[in-house]
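For reference, chains read A, B and C in written order, and residue numbers begin at 1 within each chain.
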């Protein structure tokens, strides 16, 4: 039996359910009792228990799109900060998609300290060593634009079902956006007012992620700023 | 531990500066929202919590009996110490004060001491043997840039609200403070001068200049920080900024 | 200061409390910008700030654990937090308190979820009036939850003692100075397991049982306040409309 309501705010140690359930996220089991392990919102579907954490650091997993910052180089590649307890390793060959003669080429010309990189998590092993891939179209070094950092657990809402929210933001603002699962978002746009409006929209989503009608409110807010623009 | 500044953020701030704009939409001469709360810490004779934007600094001032310094036997003692406790920033590590903590304490000290805000001569108990020591302890709680101004403001606010009634054998009618030195820090980014750098601006700035002025506009302390450089014209402009901002900030002390 | 002749007069303590009453308690979650999680707690005249950074990269590297996070805890008193100014920096007392605080909190944290990382807990005492270590643990627990660190339960802590032969809950400074026993405890409230226990002074076995039971009741009250503080911080965010 379930001891809480759907969408209820729970705290660590709170009893959620008893019986034959399975845990998707944010909970643990003692005997046949299930408890929340984080502060979060209960998202209960059938036999699945999921507590959506309202805070928490990003833990890399395979297939995630991430936005990293170069913090170190080594002889065959770079180390990227991922806004996570774990850094990512990017080999030169995973950036350039070709063999590189490390004896003759200076890899510094491709990426240097502080550079922002759009990448994908290629692999994470049991020791939490993260390998990145950044050679596909749409990946690699970022120039220009504005970067925003949100709580990583809110990124799915920024993207929306099948990308619906991110499409709404792009269409209503005329800006281009790329969101990383690690909480970092890049915004590019010609009009700085619209770029700032997008930042406001993202902060609104972070605050109101679990309310309904959010996509419409975001669209209206951005359209209002655009119409007041005069350009 | 390091602070990573992405090239994207750096370029963004530097580009905004060229347009005389800032990352949080302030003007170049604008301080973040400031608030001061005094008297929060009872064991301290004076205390103040300053919030400057998201930066938070708590200063406690305690009075104790001490031996005077040998070269000033009739003078009270002023000691300023700063703790950059690890909870205030991911870049602060536990341990003895590092060069940043020491610089911070000494800059705040200079502002108070050189302005002669406190009449240390009034703080002798038995000249040559025992004097009052004023301990100003700066405890940084949340670092979002410009710890110097926040700490200096908290220190002078606390000193203007000293409660001496419970200090044993205190004979002076009131705490001997007569001036309000105000410290203003100005960052230089891409050739532009801007006051009260927030954390992002501090991480990107070429250099900073801190100027402490008293009510009549005279300068009692200055400190240049960072490896960038200033021209004499820039310093003159910085002084004008510092003096006018100090007049505004001084109002917070009441 | 002189020792008061009596610490309990007509069944009431010098500050008017009954033996089983706690001092006023206030808890706020999420009060700092930089830290991943934070909490501010006032218990009587105690003012305590706790913050959590983590999980984050563990430095120095050679201390990393391959299969678990390392929990580190630092208890520190501000120089102005006590009557006689305390010289900044760790002393033997704060080193001991840091250790027992860490051992009080560690059992509930799912450290195994974050191999090779560090979870850093910092406790700053801004104003002290007896019971700072238990207030610190209470605050640290809320700060961990605020940071999104997964835990089996919160940890609630309080001190019990004995004054004028009576077992009392939540000693204030006078009672701590002039009483006969001081026993800080911390609990995993859900399972009623004790994670911190220290004691100095004098208890008969019977008094110890009484004190422990009283401590459990105090911790229950603290537990409710901790949960409430977390709900308050996050419910504004979750309602939104």
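By our rule, contacts are C-beta pairs under 8 Å (C-beta built on N, C-alpha and C of every residue); 3 or more make two chains touch, one makes a residue touch a chain.
Everything numeric in this text was worked out from a predicted model, so none of it was measured.
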Taking each chain's C-alpha mean as its centre, the one farthest from subunit B: A
Pair exhibiting more inter-chain C-beta contacts, B-C or A-B: B-C
Distance from the mean Cα position of subunit C to that of subunit A, given in whole angstrom: 34
Distance from subunit C to subunit B - Cα centre to Cα centre, in angstrom: 32
Centroid distance [mean C-alpha coordinates] between subunit B and subunit A, Å: 38
Sites on subunit A at which at least two other chains make contact: none
Two or more partner chains touched - positions in subunit C: 56
In the complex with subunit C, residue positions of subunit A that touch it: 7, 9, 11-14, 26, 28, 35, 37-39, 41, 53-57, 59, 85-87, 126-128, 153, 207-208, 210-213
Contact set on subunit B toward subunit A in their complex: 2, 4-12, 25
Of all residues in subunit C, those that touch subunit A in their complex: 36-37, 54-58, 66, 69, 108, 110, 113-118, 145-154, 189-190, 227, 230-231, 234-235, 237-241
Interface residues, subunit B side, partner subunit C - complex: 1, 40-44, 47, 54, 56, 58, 60-62, 64, 81, 83, 85-90, 94, 96-97, 135, 137, 139, 141-144
Subunit A - residues contacting subunit B, complex: 69, 71, 81, 114-116, 142, 144-147, 186, 196
